[in-house]
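Encoded as structure tokens, here's the structure I'll be asking about.
Note that the chains take the letters A, B, C, D and E in the order they are written out, and that residue 1 is the start of every chain.
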């Protein structure tokens, strides 16, 4: 999985029928130090992630291993909202600090 | 999924039999600010996208999760025509503005 | 799919048994303007492509969605010989011109 | 598979239900000379890897070919703890030396 | 598939049970001119490849399309030992010359 920050939304009304009701979020990948990478992805959201939250994104066929995404033409899924990222013994990110 | 702009067409008459009738569009990937990336893809179209429209492209096995694409040797599918892309609270792209 | 030009052949006699009889072509990926990219691929050929022809290449599990490739350890397949590539209203490539 | 060094942990409490109990490790990919690459991955751990250990990471659908990972939206899995890496006749890495 | 040169071995004793007995080779990808690329892969070997031999490597789910690899968490497999690589009408590589 990759670490990403939710940075926006994409709306598509005219789409594959099986995608009706799927919410598309624009996520910016972050490197292991929390800096934005040039890569982004439009991911389906299955956990109710909000703007600026750090999330875990699964890509490829993994994105369809959930009841809300299976058998749909999706290749990226937000699978979790991140609480903490620790590198070595240092806390790199904490959602609690962010939310203050 | 990636955001892309439809920029052309590819025609192949001599091809895998299962691809008969599949329309191939050339799509240019865009970054999250709408600038063209160096990457492109030839994607099957399942939604009737037109030249210059912004679309969502699914790649990998996701491209075969549709009745018009399953069991065909396809690795990229246009799954939706984009209406709006918003980054933070700003509208980055709106199809309505584009169509004027 | 990616646009590629057939540029060579690879021969392997000692290989997975299921690959017996599979023809391996070396294909050079082209960008959307027809310039060679640094990427190449060794792809199985299911359409009888010849040297210098432009072809469509499917990668990943898509490469096994054909009777000649299924259940074989293949991750790239030539799925069509390209007749024309058009960008906007301009013809970028035409096989007919090439064949003259 | 890629060679990686375990460099941290990621905690997510609000996630896909099927991921309950899955441990997420942050792994830094290494090149074939043991130097850190810019790429990283958040991988599920199925072998009990510890901080600073070198591990083998499988990505894509391979990450779900284990009883602890199947049918979960995972695209990266630590599949082994590396004992030795040898390039030509030279030992590049030995866990035993590392553990001293 | 990619062209690669076998350049080493990786040993992992503590690993996914299904990987018991699988031999892991370190392979260096080569470009279409035979020059080493920065990419490498740890691939399972199903054909008995030896050091310095040029091989064909399949990645992704293709790596599990063999009796020795199916249902194992593998994402790269050596599927053949290369005899010759020809670009245009020129022989780029011949195993016979190499073996002299």
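Here is the rule we use: a contact is a pair of C-beta atoms (placed from the backbone, for glycine too) under 8 Å apart; a residue touches a chain by one contact, two chains touch by 3 or more.
These figures come from a predicted structure and were not determined experimentally.
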Item to check | Neighbouring chains common to subunit D and subunit E, by label | outcome: none
Checklist outcome for this item: Intersection of contact sets, subunit B vs subunit E, gives C
Next on the checklist: Between 0 and 180 degrees and rounded to the nearest 5, what angle rotates subunit B's CA atoms onto those of subunit C?
Outcome noted: 70
Checklist entry - Whole-Å distance, subunit C centre to subunit D centre, using C-alpha means? => result 34
Next on the checklist: Taking the mean of the C-alpha atoms as each chain's centre, how many Å separate subunit C from subunit E?
Outcome noted: 21
Checklist outcome for this item: Listed in rising order, subunit E residues that touch 2 or more other chains are 60-61, 63-64
Next on the checklist: With touching defined as stated, please give the ring order of all chains, subunit B first and subunit C second.
Outcome noted: B, C, E, D, A
Checklist entry - Which residues of subunit A touch subunit B in the complex? => result 7-16, 18-19, 24, 26, 28, 38, 40-43, 51, 60-61, 63-64, 71-76
Item to check | Contacting residues of subunit C [partner subunit B, same complex] | outcome: 1-3, 31-32, 46-48, 56, 58-66, 69, 77, 79-88, 92
